[in-house]
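Structures are listed in the sections that come next.
Next come two complexes built around chain A: one with chain B, the other with chain C.
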Partner chain A sequence: MEESVEKTTRKKHPWFWSSALASIILRLVLIIYFPNTLNFSSRPEVSTPVTSLRRLAEGYWLKRSSMSPYAGSMYHGSPLLLSILGPLTIDRDEGQSHLLCGLAFVIADFVTAILIRAIGQRLQGADIQSLKSLGAGRHLKISENFPTGDIASLVYLWNPLTIITCLGYSTSPIENLMIVLSLYGACKRLVPLAAFGWVMASHLSLYPVILIIPLVLLIGSGLDTPPRKLFLQEKHGDGYKKTKTGSLHLINFSWRRVVLFFLWSSAWALYVLVLCGISLKDYSGLGEMFKRTYGFILSVEDLSPNIGVLYFFAEVFDFFRDFFLIVFHINILFMVLPLAIRLHHRPCFLAFVYIAISSILKSYPSVGDSALYLGLLGLFVNALADMQFSFFLFSGYLGTLLLSPVMHNLWIWRGTGNANFYFATAMAYACFQIILVVESVSSMLNHDRALKQGTTDVAKKVCQSLKDEPGLPTPRKFSLPK
Partner chain B sequence: MARCLFILIIILLLFTLHVSSEEEFTEELLFRPLPDRKVLSHFHFESKVPPTTVYGHHHRLFPKAIYQLVHKYRIKEMELSFTQGRWNYDSWGGFDPISSSNAKPPGVELWAVFDVPPDQVDTSWKNLTHTLSGLFCASINFLESSTTYSAPDWSFRSLSGNLRYGSLPREAVCTENLTPWLKLLPCRDKSGLSSLMNRPSIYSGFYHSQRLHLTSDEFDPVALHGIVLEQTLTIVIQPDALETHAAFSSSRKLQPSWSMSSLFGKTVDGKCALAKSSNVYVQLEGGLVYNMKDTWNNIEGNDGEIVQEVPYEVSPDRMMKEINSFHKDGYSILYGFSINNYHSSKPFDLGFWWKLPVTWSCVKAPLRVSRFLMGSGNEKGAIALSLQSTEWSQSLLKADNNIEKCNLRMYVDGISQSLGDIIEKMSVSPSEDKVSPGVMEMVLRLPCDMKSASLTLEFDKGFLHIDEYPPDANQGFDIPSAIISYPDFQTRLQYKLDNASIKSPMVSKMQERRTILSYTEVLLVPLTTPDFSMPYNVITITCTVFALYFGSLLNALRRRVGEEERLLKSKDKSTGKLQLLLSKMFAKLRGKPWEPPSTPPPPSSSSKFISSKVILKIILIAAIAFGWQYYDG
Partner chain C sequence: MTNRSINNVLSRSILTTVIITLLLSSSILHFSDAAASSSMHTNNWAVLVCTSRFWFNYRHMANTLSLYRTVKRLGIPDERIILMLADDMACNARNKYPAQVFNNENHRLNLYGDNVEVDYRGYEVTVENFLRVLTGRHENAVPRSKRLLSDEGSHILLYMTGHGGDEFLKFQDSEELQSHDLADAVKQMKEKRRFKELLIMVDTCQAATLFSQLHSPGVLAIGSSMKGENSYSHHLDSDVGVSVVDRFTFYTLAFFERLNMYDNASLSSLFSSFNPNLLLSTAYYRTDLYQEQVEKVPVTNFFGSVMKTIHTDSAYRAVSGKDRSRVKSDVSSAQSDDVDAQRMTGSDPERQVDHSDIKVVKGGGCPHADLWNAIVEKFQGVKNVDQIVNYGLVGMLTLVAVSTWQSS
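Let's look at the complex of A and B:
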């Protein structure tokens, strides 16, 4: 089944490889021929204190001159990244800055895109299979389904935000790669790979820790399916069921794999910590690493403006600072459980929502994080076909991202505007992101409900009647039976 | 046993008595004509207290406040200077003892060496800053914050370890700082040389620096000197030209003649009665002496003593010539005047009259160092340090101590690549936001034939919390001066003392070998500021966005449309006409087609259900309130 889908997509869309290649070539051209004219690395939207490669180079210099790389408040990343990317930052000339690093980021982007494509193909296969098993497949036309994997990976590759991040020499392509790697591993049920990706992603940027829930769900109960209740209804329901009993294997939660995942994660975590300890053993050790990376992320020490909402902390009264720090971080955690309860049958989508939320509310957000969740959004093109406000959101993203450099320039360089100009764009950007998340969640829930109603008796009749009509059988219409 | 004790006590008493009789105070004043028609006047007061073992001893001359300060914080050495104006290293000299010890960076500079264990140094420093700020009516207590002081390892002074250094470039220095400083003198400014300190003439000068230097070996096992308090005031004044009776008065090049009364508007009525010695000196630099000789040789062919050519109203008591002059062309001359014999009916007024135009130049520092800012915009920038050789450049070892402010993040990696070969030693302690300033110390060995070198440090400007900005935030932040010292160059002026019995602390200070120090400019870095007027708006707007996120997402998750519809259907039967009408109206207001099933559920429902719920809630709230009261109050 899956292979056939793959074949059809490849047959239908031979343009995938060519356009992916084109995007890579575009990046290379921009990196090689315009190394200094496109000064993205200094943009606050692109490189944050945590991901800036310039700070990494400084940390590497400090390390080479036998000081702790965390001396001074310059570097806040992982020591492993320092050992891997650090040597690439040395040989920069006047003309070509960080060429090797740029190449590394291009490769990371490409691998991420390929992995997203693989995830998409598996997701689509699972989707079609489960719909078939529900008997609703004939109502939702498979032939009109988009090849989500190709779309998602092309969205990721051609997203201007991704390209800017890649050119801006920030380490977020590598963080994104690790996140996608863990998702891919979980989709393929390659437990060690998933554990590795998760551990590395959490090590690099802390926030992917919350992805443990979707990863466990993915590993335990498999890929995204319609709600489990439907299968049960289908099985014990009235005479309409034509399901094979084989669909039950989706429902079983395999604890063995989950335990294995935890074992592998702790092994990888131990390994990473040992490596970090070795690379920092001459300095102050792991305690300082945690303080300077996770502590720096959690306590929002750097108050330079970014596209996040945490300009707030430059203004908030000192007395309330701790309170608001707790509130802002709890806000991420608060939503983890409700989302997990409501979307537990769609772990991939759950992971997308978690990534989106953490990229809105994280302390040092950059457009690289947005690029990742926008790419992942492409995976759910079919399910989210009836999402509201999509044009509004698109224009909003475009507008804020175009206005943000302008406002920054007015404030910082020209001095004709003040901080509120930039803060306003950051607020607007946060609002658009929030609307995107809320809308995608609610339309995914609507989609599930539509499936549910599509499989129930009454709705099928409605479906039949609707099928005669030329209009699109959108789930919204199912939900309001007349 | 009792006898032993008795003897011991007597000895101690004797000892203290003996010691207290040796407190000394000397006052001295040095004038030096400067090449650019200005006059340097340098007051030098020195108070000494020999080592004592009694705390809280009554002092005859030594200021008790300083004595207690030294004992409380166990200070080995300390220097505090208040400076206004910038020392002109090019025309006022940078290679003589006075310029290298009295040319100070603008504002307040304080450094201190403590005789305490290393972990207590910071505490002592903080307490010291507070005490000094009380003593001198200055905001020295701002040096308490860890972002403003640093502990240079080896460049500032060779003695390191317990040294702390801090400076406040923006501190305005005025008479309110001078008065407490004068209070430490036994005669204040009532008599003696300090009575010359006329405030308007001091503060209208080009440069003035009041300095307080303290050395103590009280805590050493073998105390020799006790506490020595050295107070100096260095002023550079442009004298109003006195009427000269020479034929060259019309010549433009003739230096302005001056006298003590024309410089300060006062004369000295006699020495301070408590001072052991009270002397006035006039120093002529080597270059000046050489050029004067030259001039007179050409004009008059007179190779006599210059003292006759430079007429004073009073004749000097003694004259000292420099021996082993560094300056090949000439030797510096120091004329001494003792004012022991003057009193109010016969005041002392020193005049200095130029007869012939002379031009000369001072001995400059080995390098001309200037520091400036580069870049535009408020996001990043660079500090450039340019070193230009003067005529004295040789192969030299130079330590550079660059103390940056807290809110700049320096990128150091670029430097090492650009000047790899001349850096001999470098130590960087990178700045940590809001914790410590960045300090960079470098030893550069420059080749002999070097004409100029420059050093560029890139930095990012940090952003601070609104509370951390100074009151006038838009003015910018000051970066304290960089300190340049030349360990290979040592300066001393050795005078042949004709009379060994006269010990002058100032002259002996000049005789000491000391490392040349010079300071660069203070830089003003403009920083971007947040909007100070909007904390409330920012908080409310941000919290609104968070509420939007939280509320709408939770609402989307919570909604179960199917159940809502069922509920509505069951309610529909019981809804009255009024509700239907209302819902129609709402629908019209919203501009949506009215759909009967989607009417909002009426607020009124079965009253019994609601009442029980309400009662439950009230009980719950009461219980919480009670618990709160019980545990909190």
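Let's look at the complex of A and C:
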């Protein structure tokens, strides 16, 4: 089943590998030949206080001078990143440090793209299987023709935002790699890998913690499927006996794997904490690490401009600051549960929505987070083909991302604008992102309803043919909302 | 009977010896007290006050700045100079040479150079602030740089210039300092042991009247003119437009320009260098309150700085960053003029006190405690942290790969 899908994709789209290599070569060319002209690392949209490589270099230097790497509130990342990336930031020769760092990020991007492709292929396989069992032929043809894995990974590689993040010397590519690694492990039911990816992603930045829900759903019940009701309805239309409604959600949910996942993630978490503790043994230990990394993200101490919704913290009275902090973070948490209930049958899409929401509402967003969810958006092109406002969103994204550096220049360098200019584009960007999320969720739900319609047609035909037989209940009429 | 007489003689002799020892001890104590009261000369301070403002009093500020420069050149650092100036000459709108103050028409020396540290400037130069500086009675918020932090081993040079008269000195055209105020302040200083010796130098009209009321011992004073005489300016600088220096200060500086830090020209040579025909006034000095002999006192006792080295035998150890929390010794080989530097805590740096965060369980009956102690010690004895972290990361990656391969 899967091999035939893969063969067809390779036959029809051999250009995947050449396009991927071309994007890698483009990044390498830009890193080697234009190291000083493209100053992306100084842009607030690209490097934030949490992901900037300059701060990592500072933290590494502090550590080598026998001081705590968190001294002076420059570095706010993980000590393990210091050990991995720190030696690469030393200025050995003139430009060699940039080369090594850039190479590391290019490799991270490439591996992320390959993993996205693998996820896409599995998603496509699962999709085709479920559609075949439902008998929705029209959708099946579309699903077979579009290799979502290739599309998604090429979108990720050729997205200008990803290229800018790769060249901008921020640690976002590594965070993205960990998130995608966890998704890949969950899709392939590789529990240790998924646990490792999730633990590392939450360790590097706090927000992937909410991905626990889609990962548990992926590991427990498998990949994205149309709603279970459709399967039951089909069986119902066949005249099959009714199943118990109580066990609707628990069909084929392997608790064993979920428990294994939790065990593995606690093991990895312990390992990571022990390593961090050893690394910070001489200075102040894990308490300071938590205070400076997670505490910094949660308490939003640094109010330098970025492309997020942080601006209103600059206008908040000190007395109400705690209240606004709580509101700010609960904004993300409130959306977790309703989305989980509504989209529990599509855990991969749920993960995408969570990543998108946390990219919009996190305390220090950057274009690297947007690059990730735009890449994952490509995994669902079959379902989201009928998305409304797609052209409007595309031009909106383009417009705000082009205007944002202009407004920053007007504000800071020329002094002819003020902060409102820059944050207007930031808010417009947030608006467009929110519209994208809302529209993608609604179009996915519409796709599910269309599947229902497709299957009800099939079921109706089947029932019509069987209507002659007595004792059969007539199929219920489904009214589709517009 | 003889026993009683022997007893009497014995008791009497014991009594006399006791009395004699008491007398001796008291005299020894008295002598030691006297020895303690004559403390060692450990540091020099200078309080330089210019009491005039406005452009036509350029020469008073030039006087003070010239003496400031001399005193710094001969070794007193800024932290032991209190400079009180109105400081409105250098950036005055009438100053043809902005940010420059000269004391000679050849403009050879710019007195307002790079490192002039004025402690009381502008309207802060008041009689109240001056008296507070002398007596040390400041508000809590006054910073240390504005305080005269002298002690009983200090020699203080007090130089005042401006417009004065019979028993008074005019401050900033609005107040006066009277001679008995000054004498009162000096008496308070002596009571509080704020100086060992004090040299007062006044360059105003009828200067000698200002220190006529002094009674405290250890004070030496010289003024540029006597009662009824005026002190004159030296010359007019036609380029700047005003007189740039006073005669008394001019000849004082001429005396000091010949000296450097190591000369031991005596105070009497300074005092006798003033020629009344050149000064157009009589430079009067009083030495009746001063115990020393002015022929034997070098001028650097007041105008220069004390360089005293205290020899120590203990070793100097550099403390590294990691051992900062461990080594508790505070070894300092002191050579500064402060008395505080003489406090040296010598301790054996070899003794390393282990301030560990992990509590070491008391060994004893429990075998696990010994094992735990061994683990904790090994944990703390590990030096090469980075290598371990790198190994840990590599191990983590291999573990991931192995587990993934296993479960697939």
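Rule of thumb we're sticking to: the second predicted complex is superposed on the first by the 429 of 482 C-alpha atoms of A that agree within 3 Å, B and C clash if a C-alpha of one lies under 4 Å from a C-alpha of the other, contacts with A are read in each partner's own complex, and residues count from 1 in each chain.
Rule of thumb we're sticking to: contacts are C-beta pairs under 8 Å (C-beta built on N, C-alpha and C of every residue); 3 or more make two chains touch, one makes a residue touch a chain.
These numbers come from a predicted model, not from an experiment.
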Clash or fit (per the criteria above) of chain B with chain C on chain A: clash
First (chain B), second (chain C), both or neither touched by A:Arg54: first
Touched partner set for A:Ile212, first chain B, second chain C, both or neither: neither
Touched partner set for A:Ser304, first chain B, second chain C, both or neither: first
Which superposed partner A:Tyr271 touches (first chain B, second chain C, both, neither): second
Dominant contact partner of chain A by residue count, chain C or chain B: B
Touching partner for A:Phe334 - first (chain B), second (chain C), both, neither: first
First (chain B), second (chain C), both or neither touched by A:Met67: both
Partner chain in contact with A:Leu410 - chain B first, chain C second, else both or neither: neither
Part of chain C, among the options 3-11, 21-29, 39-47 or 345-353, whose backbone runs into chain B after overlay: 39-47
On chain A, the residue positions that both chain B and chain C contact, one per complex: 65, 67
Residue ranges of chain A in contact with chain B within the complex: 42, 54, 57-58, 60-62, 65, 67, 71-74, 301-305, 309, 311-318, 327-328, 331, 334-335, 338-339, 342, 360-361, 411-413, 415, 418-420, 423, 427, 430-431, 434, 437-438, 441-442, 445-446, 449, 453, 479-480
Residue numbers on chain B that touch chain A, as the complex places them: 376-380, 409-413, 416, 426, 428-435, 438, 460, 462-467, 528-531, 534-535, 538-539, 541-542, 545-546, 548-550, 552-554, 556-557, 559, 561-562, 595, 597
For the chain C and chain A complex, residues of the former touching the latter: 320-322, 357, 379-380, 382, 385-386, 388-390, 392-393, 396, 399-400, 403-404, 406-408
Contact set on chain A toward chain C in their complex: 65-67, 79-80, 83-84, 185, 188-193, 196, 264, 268, 271-272, 274-275, 278-279, 281-282, 285
